[in-house]
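You will see two complexes here that share chain A, one where it goes with chain B and one where it goes with chain C.
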Partner chain A sequence: MTRAQPLIWLGLSALALALFLSAGPLAKFPDSWVLSPTDSMNDAMNGFVAVVGPLFKALGWLLEWPVAAAQMLLQALPWAVTASILILLGYIASGWKLAVFTALSLFYMAVIGYWSESMNTLAIVLISVPMAVGTGFGFGVLGFYSDRARKIIMPMLDLLQTIPAFAYLLPILILFGFGTTVGLVASVMYAFPPMVRNTILGLRAVPEEIIEAGMMSGTTPRQLFWKVRLPAAQRQMLLGVNQTTMAALSMVIIASIIGGTNDIGWEVLQTMRKAQFGESLLAGFVIALIAMALDRISHGFATKTREIEPTGPNIWKVSALIVAAVAILSLVVPGLRVWPETWIWNPAPAMNDALEYVVINYREWIEAIKNSAFFFVMLPIKIGLSNAVSPFTWGFALTPILKAVYAVIIAVPALWALRKGHVTAASLIVLWGVVSYIGLTNMPWLPLYLILVFSAYVTSGRGLAIGAALGLGFLLIAGVWPESVLSLYLCGVAVMVAFTLGTLLGIWASENQTVSYIIRPIMDTLQTMPLFVILIPFVMVFKIGEFTALLAIIAYSIVPAIRYTEHGLRNLPDAVLEAAQTVGCSRWQLLTKVKLPLALPAIMLGLNQTIIYGIGMLVIAALVGTNGLGQQIYIGLGDGDFGVGMTAGIGMAVLAMIADRMTQAVSRRRQEQLGLRFDGV
Partner chain B sequence: MNWVLNSATALVVASASMAAADGPVKIAINEWTGQALSAHIAGSVFKEMGLEVEYVTAGAVPQFAAFADGSLHVNPETWSNNLGDIFPKAVEAGDIVITGNLGLEPKEGWFYPPYMEEQCPGLPDYKALYDCAQAFAAADTFPKGRMIAYPADWGTRTTDLVAAIDLPFQSVAGGSEGAMVAEMKAAVSAQQPMIMMFWQPHWVHAEIDLNIVEWDRYSADCESGPQSKGDACGFAQAEVQKIASKGFKADYPAAYKVYEKMSLNNDVQNALIAKVDNDGMSVEDAVAGWMAENEGTWKAWIN
Partner chain C sequence: MSCRNVWKVYGQKPEQFFDDNNGEVSDATTHADKIRNADHIVASADVSFDVHVGEIFVIMGLSGSGKSTMVRCLSRIVEPTAGEILLDGQDLLSVSQKDLIEYRRHKMGMVFQNFGLMPHLNVLDNVAFPLEVQGIPREERRARAQAMISLVGLEGREASFPRQLSGGQQQRVGIARSLAVEPEMWFLDEPFSALDPLIRRQMQDEFLRLQRELKKSIVFITHDFLEALRIADRMAIMRDGAVVQIGRPVDLILNPVDSYVKEFTNDVPSELVLTARDVADPTRTFATGMGEATAETSLADLLPQLASNEAGVIIRDTFGVELGGVTARDVVRALAGKGQEATS
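After this line comes the complex of A and B, so read on.
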């Protein structure tokens, strides 16, 4: 098969070109072949609800109580009491630095006048994060011990993370009924997958020596798990807790779309609707601050070494006394109970003015950046050089002579590769030339379908090829092929940019502590701040359209690329690094020859997550006027049409999973070449 | 398995009885200021009658699920062009009751800032657009004019009309209300060309001056018939309705009668919207002010 590969690539290139020039049923998928599954999906859903509806409604009613109780408690407590509890928790978890950070965050919430809304959000998160972490841990352990369970769990995780929350919001609403439960269930469903992944990854990465040492000292299986495996896997699992917390908070806003919460997410939605840049940024930042504080506190408690308490007063007792004192004080001083309105300060108008100043005064620059990205990168990929090159865009028309020049530009490196003996590379250069000439959205469906399936076969064998053939076939038959290709284009460009930039930043951060300190809060903010908020200034600067959407997707999906690269590079076995240094590796050699190859599994997990985040963000990007699968989901949600939204959701999942499996297969093969043990998830 | 079903049924019964009468009247609060004002006016009047009132934040489409199962009672401002699929089904099944028109007169159409009349003489007549599409052009639509349409999930009315009357414009989906307003604010502050499908009453008109494109004729069922250049009527206009859950009439008979009579108009709402969105007044204060000044109006609903 490997020998036939160049011929197949060339054949597909020729087929694509021939069909592009001819047009016919093989170029555009005929409408009469489409069998839309939406009606049968709706019927199935209605049937399901009719049977089990009452059970879910009851469950939903039950789940509302913990949230309602937490909300009532946090609303009833004077702000000074809640604040002192959280600040002291921060201090106990990791010292005065975290206490100051927590204090400043809480101060911020009160000063900008969002105390009560913030407490409602905190209440939801306090319930949903432990639920998600617990669920994720349970599935993770199950997946670690049972291969069969893992075979079922892994695709489920992919589905949950890639089917956008908007698509399952409607079924949850139908099943559980209106209320805070919808948001709670949606955020648990969205937030637990990273915990599962990291639990399995962590447990698997525990070195055999440690397990053997444990068994030699005669541990029972139960002790082996709790006392040996779990502590050894703790670091990786903490990354899971971190990601789960962030994911749960990023869902806060989505929960508010349903309503019934009156929390900070609702505030963001309201300001979003009014396009109040300053106000929505201020409100969005509250969510990011809650996320960071919760993450740091939980991280602090988890990593705290159990030292012997120094003699002196017990810190818990002291804290309890302080809280009690504040509580009594707040009975006397009304200003400590409810934050007085006169203490509220609103910088939003100034922020709005600043943005307006940029929009007015940097118009030419903005237009120039946008147009060059649009004309020279996005349009060629989307509609191909054959359509993108015109006097208006590039300054000249694509004459037959220029077409010949283009053919030569492609042919020369291909022939050069052929002479060097890289037959496959030569054929891929030709394929690339043909695809760039035609453009992704203009590609006839048959060759594009075959190219994708064949790439799946080449990278990871027959299993994935069959899966890809079926999944992509579903997109064709369900009639969402054009939307899928649009999504593929938008997401592909964004992921390429995000992964390249993100990996470089991650490497830099792993080598330089200052950089790491600076970018960590920025990443946390990007991941937890509702991205709707970022959309507003982007729209005001760059206008409604694809470029704005692209920037938004990049801003969101770059985070896992940075995070996983840095994490992978920083957590390498010391013995290996020391060995490399004794051999006399320079810093550059150490990085490129030792660290990067060893960190490859983590970096690939980062790419995997970048793709999944990118596809997830497509839905949000649709809010600034893109077409594609993301838009279909809103159409489904807006019409209350379960089937339309779900079809688009599954479409996104199919694309994400194919990309995911292909990246993993490539990574695995590279590791085998390097003689590394495979331990990706 | 039986005990599961039994306990589930018990819970459902318990939760259903929780939602029944005596409790506060639950009023839906949607995302936009105008609706929040209408809802608070209704709520304030109910309070004057001695009823307890609870305001519940709810998304414009998801709220209908809550009305259908009775966990929300009234929403005085429901737009007939933003209903989705659940609403008509629930009305047909009798779970949601339409209590009449609120009295607002919505106006939908193509809005543009007044300075565009200098660059495109002949506006507000739509026929002017044929000659000055270039004045509205942008890089992604050149040489056609750029027209912002409603988000794709609100239907394709602008695109259809542009095609029907053969305007040299390309419609660009607005994505979301926030994105549309953001673009509008940015365009007006930088005096850039802009034309956009939009509606009134909307708080943005309190902040930004906008004119609306005018048509040859007007008719209520405009979009059901064919249109062409020289014989165009633009868009059919929406209605704003008061809705209530099925049980509201039986559980709160007095409140229901008042609710039926309640009515507001564009001027009232625009003035209040300006107070809230331009002057930074809270919705509660604005409504309290209106209640104090217009005692005659709302007292007439009660009697």
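After this line comes the complex of A and C, so read on.
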């Protein structure tokens, strides 16, 4: 197989070029082959809704009660009481620093005037987290005890986590109808998988001796579970609660896109659509603060180490007393009940003015950055050098002579690689040259399809190749191939940039402590930030468009690339490094000859996560005007068109899964070669 | 406690190799080979031994010899494939799960190599854990646990959590917990292997002190032959799941059944094992200027006396009967002979 590989790559390149140049009917997937399943999907869904609709409507009605109750409660409670509860939770979870952070965050929400919206968001999270944790725990325990159940549960989780969050909303919207229930159900669906994984992981990681000690103590099977396994796995499960909370929050925010919730996510979207950037940034910052506070509080409880039992008064009792005191005080002081209007300060207009000033005065710079990136990087990959190079964009036309020059530019490194004996590399350079010449969106469907399937085969074998063939086949038959290629292009460019920059930054951070200290909190912030919010600053400066989307995707997906690289480089076996230093490696040699090769599996996992993050952000980025599957999902959601949205959602999941499996396989193979194990950051 | 023809086989269908459950086969070695050839793993092969009341029975073997599996079979944490395990005349393998739990609650205690402490419980609650699962009220179980903690010398650390303790302290907690139910049978699975050599030595002394006080029937697992010698009343050497030899430590050293057992005994300093009785020369009789020693004194302990009494030492048994005399030359000859034997 390895012998034939270069020939196959060359053959595919030739096929692509031939089909492209002939511009014949074979370049485009025949319309008559497209089955367009959207109508039949809609029919099926309508039929389904007609039968079970009332049931779901009733369920939705039931689910609205707890949310309504929680919202009423949080709205009715004096702000001072809610705030003191949250601040004290922060204190108990991890100490006074977190208490101060929580206090400042809450203060910000109140001052900016988003208290009531924030409480509405919090109310849904408050209801959805226990539901998601309960569901996740149940499935986790089932999966732990039954191998058969686990074999069913795990792929379901994969699917739930790779289907873009937007795509969930659609069936839920159709089943339950408009209302807060959609956000609740969607966030439960989206947030329970991490709980399942952590439950199984935690229960499995309990040392055998602890189980045996429990058995020897004479536990009944029930006691063994509740008194031994569960408490011993507690920490991992609390980490699951932390992840579940974050996922629930981000989905609640995303779900606000369907409206009717009057929560903070809705506020961001509203203002963003009205181009009120000051307001949307302020509101976005509220979301980020809620996310960070919730993350740190739940993470604090998860990692809290038990100390010797304090002899002093119980901290929970003291806290309860403080809250009671604040409650009584707020009965007397009206300012503690409802945040007074006069205390609200709105800097948004000033911010809008400042932004306008910047955008107007630095317009040339901004345009220059945007255009050069667009004309010289994005367009060539999208429509190929053959189309992108024109007097209007590059300042000259692609004459036959220049085409010949291009062929030489590609041929030289290919021949050099061939001379060195890297036959496969040479063939891949040729393939790259051909694809760049044609452009992704102009690639005839057949060679592109075959290239993708064959890549799957090369990286992880026949199983994935068959899966990829079927999945990509679905995209063709469903008629979303062009949109898929657009997604592939945008995500591909973003991932390439993010991965390159991220790896370099990761290497730098692993070698330089200061850099590591500086970028770590930035990465934490980017990761806890709900996806919407990341869009805001880019939209403010670069307006709506593909370039803005690209920047947002890069900003979000660069984080894992940095993290995994740094982590991989920092956690190598000491013995190997010492051995390398002893034989006299310079720092550069140590990095390039020892550390990087050993850290490759970790870096590959970083690439994997970069791709997954990129695809996740792609859907959100559709909000600022991209074409592709993300936009289709958005359209489906907007029109309530189940078929369109679902097809695009499945399409996205197909792309995500293929990319995921391919990169995982490479990383795993490398790990096995090195005899190292690497599980994640 | 008695163990009769106990087998533990892992694999697809381990029961197929045994017609009935008592595990008796005509030739254990060939049977084990047969099972291995059928792609099954034999962890214990036809193991039989008795543990007498109040004795320390040590099972010694290298890693993978099946000793840890064996001790787990005794409490059915690992379910034996065939054989009988008799405790007070009752075959443990035939009792119901419910009764088994009762046995574990009242008759057995176990100490683990890596302690097996509950990370979420403090020292006091860890020790009280076996009592808690029995449903004993909080105050009573805490009082009993407190007594056990005093017994192992951990007073003052009751509120600490396991990770705040050193290895030696953690194992004291493990020991206290295993004794909390006042078991008849006490199983220790390599209890000191995870500890530093100095601490290990201390813990062995502690253990022997406890045993003099408590007189439990003990099954003690170790891979350390010297440790086995120090503490064993009787010991069994295991290899590939089967028992190679059972006997008193000195029997094993003086009469190893095969080269495998002998490999272990070679490393043993003879002066620690050989006693005055073994070298006493009956032709010598008491003379003035001679020291005196009992028959069970080890040669190592005899050396200082020989150094100060040039005429030698007279050896008497516990009743004061003279067994003969020992001179420095006798000891040197005995040790040299042992050494020669070992090198040949």
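Operating definition for what follows: the second predicted complex is superposed on the first by the 506 of 681 C-alpha atoms of A that agree within 3 Å, B and C clash if a C-alpha of one lies under 4 Å from a C-alpha of the other, contacts with A are read in each partner's own complex, and residues count from 1 in each chain.
Everything that follows uses one rule, which is that contacts are C-beta pairs under 8 Å (C-beta built on N, C-alpha and C of every residue); 3 or more make two chains touch, one makes a residue touch a chain.
Because the structure is a prediction, the values reported are computed rather than measured.
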(request) Look at A:94 in the shared chain and tell me whether it touches chain B only, chain C only, both, or neither; answer first, second, both or neither. (result) neither
(request) In the three-chain superposition, say which chain, chain B or chain C, touches more residues of chain A. (result) B
(message) A:207 in the overlay: touching chain B, chain C, both, or neither? Say first, second, both or neither.
(response) second
(request) In the overlay, answer first, second, both or neither for which of chain B and chain C A:622 touches. (result) first
(request) Check the residue A:219 against both partner chains and state whether it touches chain B (first), chain C (second), both, or neither. (result) second
(request) Would you check which partner chain A:319 touches, where first means chain B only, second means chain C only, and both and neither mean what they say? (result) neither
(request) Pick one for A:173: touches chain B only (first), chain C only (second), both, or neither. (result) first
(message) Quick check for you: in the superposed arrangement, does A:234 touch first (chain B), second (chain C), both or neither?
(response) second
(message) According to the stated criteria, A:386 is in contact with first (chain B), second (chain C), both, or neither; which is it?
(response) neither
(message) For the complex, give me every residue of chain A touching chain B.
(response) 54-55, 57-58, 61-62, 169, 173-174, 177-179, 182, 256-262, 266, 269-270, 272-275, 277, 356, 359-360, 363, 367, 370-371, 374-375, 392, 532, 535-536, 539-541, 543-545, 622-627, 631, 634-635, 637-641
(request) Going by the contact rule at the top, pick out the chain B residues touching chain A in the complex. (result) 4-5, 7-9, 11-12, 14-15, 28, 31-33, 56-59, 61-66, 69, 71-72, 84-87, 138-140, 142-143, 148, 151-154, 172-186, 189-190, 192, 203, 277
(request) Quick one: which bits of chain A touch chain C in the complex? Just the residue numbers, please. (result) 207, 209-210, 212-220, 223, 227-228, 231-232, 234, 305-309
(request) Using the touch rule from the top, collect the residues of chain C that touch chain A in their complex. (result) 72, 75, 77, 101-102, 104-106, 108-110, 112-122, 129-130, 132-134, 159-161, 163-164, 174, 177-178, 181, 187
